[in-house]
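Encoded as structure tokens, here's the structure I'll be asking about.
Chain nomenclature is as follows: A, B, C and D, assigned in order of appearance, with residue numbering initiated at 1 for each chain independently.
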Amino acid sequence: MRRVVLTSILLISVASVRAQSDSAKADLTGKWFATMDFFGTRANFDFDLEQKGEALTGKFRGDPLEGTTDGHSFQFHAKDTQGGGEQVKGTIDGGTLRGEVEEADGGMPSKPYHYSFTAKLRPTKTTATPQLHEFAPTVFYRQFSPFNAPVLTVNPGDTIHTTTVDAGGIDFTGATRSMGGNPQTGPFYVRSAMPGDTLAVHITRLKLNRDWAQSDDVIVQRAMDGGLAVKMKDTGKTVIWHLDLEKNTASPAKAAEHLASYKVPLKPMLGCVATATGPATAPPGTGDSGYFGGNMDFNEIVEGATVYLPVSNAGALLYLGDGHALQGDGELNGNALETSMDVEFTVDVISGKRQPGPRVENATTIMAMGLGSLDDAFKQATSNMAAWLADTYKLTPSEVAQVLGTAAQYKVSEAADRNAGVVLKIDKATLATLQAAK
Amino acid sequence: MRRVVLTSILLISVASVRAQSDSAKADLTGKWFATMDFFGTRANFDFDLEQKGEALTGKFRGDPLEGTTDGHSFQFHAKDTQGGGEQVKGTIDGGTLRGEVEEADGGMPSKPYHYSFTAKLRPTKTTATPQLHEFAPTVFYRQFSPFNAPVLTVNPGDTIHTTTVDAGGIDFTGATRSMGGNPQTGPFYVRSAMPGDTLAVHITRLKLNRDWAQSDDVIVQRAMDGGLAVKMKDTGKTVIWHLDLEKNTASPAKAAEHLASYKVPLKPMLGCVATATGPATAPPGTGDSGYFGGNMDFNEIVEGATVYLPVSNAGALLYLGDGHALQGDGELNGNALETSMDVEFTVDVISGKRQPGPRVENATTIMAMGLGSLDDAFKQATSNMAAWLADTYKLTPSEVAQVLGTAAQYKVSEAADRNAGVVLKIDKATLATLQAAK
Amino acid sequence: MRRVVLTSILLISVASVRAQSDSAKADLTGKWFATMDFFGTRANFDFDLEQKGEALTGKFRGDPLEGTTDGHSFQFHAKDTQGGGEQVKGTIDGGTLRGEVEEADGGMPSKPYHYSFTAKLRPTKTTATPQLHEFAPTVFYRQFSPFNAPVLTVNPGDTIHTTTVDAGGIDFTGATRSMGGNPQTGPFYVRSAMPGDTLAVHITRLKLNRDWAQSDDVIVQRAMDGGLAVKMKDTGKTVIWHLDLEKNTASPAKAAEHLASYKVPLKPMLGCVATATGPATAPPGTGDSGYFGGNMDFNEIVEGATVYLPVSNAGALLYLGDGHALQGDGELNGNALETSMDVEFTVDVISGKRQPGPRVENATTIMAMGLGSLDDAFKQATSNMAAWLADTYKLTPSEVAQVLGTAAQYKVSEAADRNAGVVLKIDKATLATLQAAK
Amino acid sequence: MRRVVLTSILLISVASVRAQSDSAKADLTGKWFATMDFFGTRANFDFDLEQKGEALTGKFRGDPLEGTTDGHSFQFHAKDTQGGGEQVKGTIDGGTLRGEVEEADGGMPSKPYHYSFTAKLRPTKTTATPQLHEFAPTVFYRQFSPFNAPVLTVNPGDTIHTTTVDAGGIDFTGATRSMGGNPQTGPFYVRSAMPGDTLAVHITRLKLNRDWAQSDDVIVQRAMDGGLAVKMKDTGKTVIWHLDLEKNTASPAKAAEHLASYKVPLKPMLGCVATATGPATAPPGTGDSGYFGGNMDFNEIVEGATVYLPVSNAGALLYLGDGHALQGDGELNGNALETSMDVEFTVDVISGKRQPGPRVENATTIMAMGLGSLDDAFKQATSNMAAWLADTYKLTPSEVAQVLGTAAQYKVSEAADRNAGVVLKIDKATLATLQAAK
């Protein structure tokens, strides 16, 4: 069957949270963020409480609740429409609730089950003077996992300056620092970022920090029909590229006959930007991509671009890596010009903004990505952009269609990985005539 | 089963043809182009003869032949490697051969069969002072058929100035001239264009000639996942666009609320450019696309672009139509901004150049198209461009991979028709560093 | 743009038609079937008239009409909701109406346009004593075209006994009768079959009538990844199969080493069963498939099966051909075991039954086909079967899902043609428990 | 970029291993299986040594080696063709080698790097009297991970009798034992199974052990075109099915109107059978599938079937779970009839047999699976079966094509997960005519 996890736990509606002092009797009113232990699996969920005197009302995992609190402990019952629901009791420990749940799935022949949780009020967005953090990585992770300890904690608005190793784990000095497979710098913990928010990663600087890159001469299976596969059957060797950082071009280090003068403009990009995936699912490897971003290999994730990714864990847990000196659309060699990178980026948290897939923005365009087979990625990119237009510009379905029909620009971003990528771009100049209409 | 036609008849190798006088005894040496009648189906093929005295040698439909001629008649026998082959005899009537063939498929239990043909020497490329033809269409065809009589005959190098009606058959005065479905202007017969050649159509002028276009507000099925389909379920109305020819923008004529100021830059393009398909296969409708071009709906087929299409019939039989005032990538509304057009174009014939699919070129880029599902079109576009690089720049497979890996740009051209389209573009500036190497 | 034809003309609702005498003053009340000439393109449409005294009401191409008739002529005006509509006038000539239409597209800046039509009352279903027709074909068509003259006219309930040539045009004697490409026997005109109906073709006999078949040893591109394409690169030869009609097996006539004893059971099938497509669109070649059936290459179209196809022309115009002695799923060699066939089938007309794609039924299962890429064909087959279940068993969407989730059987029917095919089968034994519930 | 890991480490050729006593001076001759620690990532590789006196030769990670040993320590140098290679030295500790490697990638501008390994001789296949193990699971894993401790160690030929919980983590008593998402029983360690081998899992018993299953009434996105998505938009509820273990049928527990008598035959199957993936890549979640098997959701993995899976870790580490009381092809509801299961199976190890994807066999057919989009899965299934025929029956490419063209049967196994599945089946009766030919 499909992965049947408690995905509902990520479908959190975000509300404002009342400030609260730990002294005096606690007022439990607010939106709580809970971490549960479900038979050994960690998961998160939100719930809402409203306290009036000793009476509690609100909503627990979709079900309306009623209960009481005496300031030290609480108990409530939440009922679903099928005759099931949750019996919850617990204690108040400063700002932390510790609860025990007996849950019965209404309409199911199964027995009730138990789990425990701890909960804290969802934080308000941190505001502080933005800081610049210098960070020299010492460990490189190969999964976009929520279980790796954060290497640095920052505030929204802060900027981090760091480096990434190349896809093979080699740093700017030529030293191997990790097994290959897109080892990442991070994860960075961004205060106040919570599941249901969007993390904005604005790349303020992306510079090459060595003069060579590694690639190869294959064409990936996804790009070859049978005829081309036969023609390419004897390729498969490593190609080292020389990066001329002054002239801003790349050339094969030992060029074959017809490529002796071949030169391509450098366009440094990050192949991977990701938030950690939720704790209840298997952390993807750093060759994979999805709603969390990941190994998108999109050659417009360059200096000046902002990448928007959904937050699935407290702190977002941001990873970056897999720098490319340049990459043709589709990353047809499987590798691009793989190299180490000098990266600086600013993070921000957009509270409660949802998006159905990764999004990128630069000075002139907005870009919505779809991931899957090319046919499926095309649908997803369209759906992602349609939601963006509807949410941001309040367009009706008919209006969305008219804008897409006249302004859509599609490119294939990636063809080398398990997911191919298609990106739907719209020029901001065109969208500006929508904004003027408001 | 698959369409089992005599496709081999199109696989013609092109050779120079010796000039020949009709007076005196004919020398049959040369490359002959034959039109056959095969049980009521017309088809074409090439064959080669070499005459020495009265002896004939050469190749007939893949098989080596030996025979004789007395200047008035000829006969030869061609043998295949399986024990079959062709017995051919005929008469010489000026520059025309009239032949009768008895063919036996070697290794097949079937009986021998007969057919007749007439053949002429493949023409040499016409050279004449280029002319400008003014052409006012009176009939509009709805199939890219070889059986429609040419509306005009021109020489390679000539320029034709004409008009096209919109996809619904409406002309620049608002008058309906045809049933809808992309009715075409043409076919134009280009002298000396023969099967195996490539036709180049250089669009020298493409201007709007009325101030309105028709579209609608749906999104095509290929672009919608289930969630978007549900959102779009109540759309489906016609949208008339006003074309401001002075300010060079399009706007909805009766704009919905949020589109009251919406403006998109005009970018006139031709949705259809096609050569007629070969006579032995069913002529495609003008909503279809394929190796012959057709309804490609690619928004870079604009003024200044050159479209390259294979020739499948004597004279190429060029069709054009389906003008769009502008079109987003993918033609997501099924219709673009459908309008009539003022078109001028120059035709040329490139003898013996083959290509696996439609190609387009402009001042800055070369573009290879693939057609099918998006996943298949992506493969085809890559294969088409790989062949272009190998043929034109003599790149090895390894070198092709390195150029594609670093310089490929993919866009989705069309998603509204039976075939979707993917286009692989490469900047000429990058290719120039290859040429320098030569 | 997409093929924008007057497809609405096929969306006909079927109603009962009042009998009518040609003598005396005609009563125009009834459902009329019109053939129009639209700027040289033929098309069909239905319209409804109701006559009370001299007053006419009804619906003309979607628009409500009002008018009058004096028994010799008629005139009416039909208005659409956008301010356009049709002015219609004409004469009554026995049971035939001859009309002239001036039509204005409401809301469009285009000018009104004219066309003429003739109309007859939609026929009631013919009832007659079923007959057996012996038919020896002399002509073989290579398009599923409405423009080929019927070779035989029959009643619903009649049976036709005939033969088909093989995909290469070779008959049961080994004589070539047509160019290859699945030349068809037919078209057969079935009285009273009208657009909007469904034609049922029940195959009562399907026997081999020669002892050999032709195939080859390639694997079609759609079935090969790059690795397999490289392995298969040197294949491509014709394979003749011996058909042992007594032992009911096929074996390679000249078996390669490991196939010296290879035997496969014969299972004669028809690769093509089709109704002609509507007159306003380009007739597909006999290698293509679609809503009209066509070259489906489905190995369960065997003796005992019933094929259901939509009717797009008066008389349905049924074609059959492309017999296979047997075929593996997907027709992986591009050819199956291509051979001639002895065919007998009974036709029937199901008035007013619509279906979104071809359907097949045998004694034990119902089968709904989807055609396109495999991913699209899978969706279509599911949608086709979901509609079948909803229409026939009145299942709700939730019930459709439960039946499909527990009873669906999918097979790949065809992979060799432009459209691949996926078939969704359900056992009648399972469906019987639905019927019991009624 | 693509996941660039040291995948070459799994490409092990298997050879016989000389027995060796730990007493006396060790003879290092043999095939060694090494576990490396590469900058914190664990990986495996094989290498070959041949000892003559004190001299060592052989092959280390593809490179020919030369060195020496004194019985307590060893050192050798392996050279690649690009000027790089490995300097290796280490100690002999009983049957274990402990080595340190300095490796230089020839032709790369990067610096040499170091890692350490321990190695043991690859085991010979264990032979022992087959045993039956009763195993009651207490922990359920949600990743096909090599890092979960084996729950039981068995020999090839042994049989294990155990139970599985349902996809939601509920056992045969109705008690919840795990978070949902196909929690697995296992992993089972099979002695002597080593990377490069194939594990055969023969299911000797698969019985239902409770009388209810859980499913729902949605249709998965992959199966719906836009039209069907709109029809299904209001579905989405849980459906409980009653399993009648006596009459061997399933029915909805609270049937909707038209399903009041609906009954489907039970056909218990395992949705998941998997070997752990290699240690160097991210372990997939138990909703995913791939070369390792996993959540294949194929309704022919039933009692009597044998599943073949590649071994990627010492001991194979076999997981099983996700029982379905029955499942339509494609698992269209996302869930099948999810239930707990009583399972008994026998394991075996086939040394050195490779396969490009999962394979299944039963009494009458062999089945090769492909996984991806349906279009890609179709190619993969064909490639998998072509390799099977070539390996087992020594067929040439031409012969493979002829067998596939005449005997292929394709079904869609799964459509609900990230990977869809297509299975290519061939009847053993047909293959028997090949074997007779040998």
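Note that a residue touches a chain if its C-beta (ideal position, glycine included) is under 8 Å from a C-beta of that chain, and two chains touch if they have at least 3 such contacts.
Because the structure is predicted, anything quoted here is derived from the model rather than measured.
For the pairs A-D and A-C, the larger set of C-beta contacts lies at A-D. Set against the Cα centre of subunit A, the chain with the most distant centre is C. Put simply, the C-alpha centre of subunit A and that of subunit B have 45 angstrom between them. Computed centre separation for the pair subunit A/subunit D is 30 angstrom, with centres defined by C-alpha atoms.
Subunit C has its Cα centroid 49 Å from the Cα centroid of subunit A.
Multi-chain contact residues of subunit A (touching two or more other chains): 224-225, 227, 232, 331, 335-336, 373, 375-376. Contact residues of subunit B toward subunit C in the complex are 1-6, 38-41, 43, 107-111, 113, 139-140, 142-143, 167-170, 173-182, 212, 214, 220, 238, 240, 253, 271, 280-288, 295, 297, 322, 324, 331, 334-336, 338, 372-373, 375-376, 416-417.
Considering their complex, residues 221, 224-227, 229-230, 232-233, 373, 375-376 of subunit B touch subunit D. Listed in rising order, the residues of subunit C touching subunit D in the complex are 215-219, 222-225, 227-228, 231-232, 234-235, 237, 239, 250, 252, 256-264, 326-333, 335-337, 356, 373-376, 378-380, 382-383, 386, 390, 393-412, 415, 422, 430, 433-434, 436-438.
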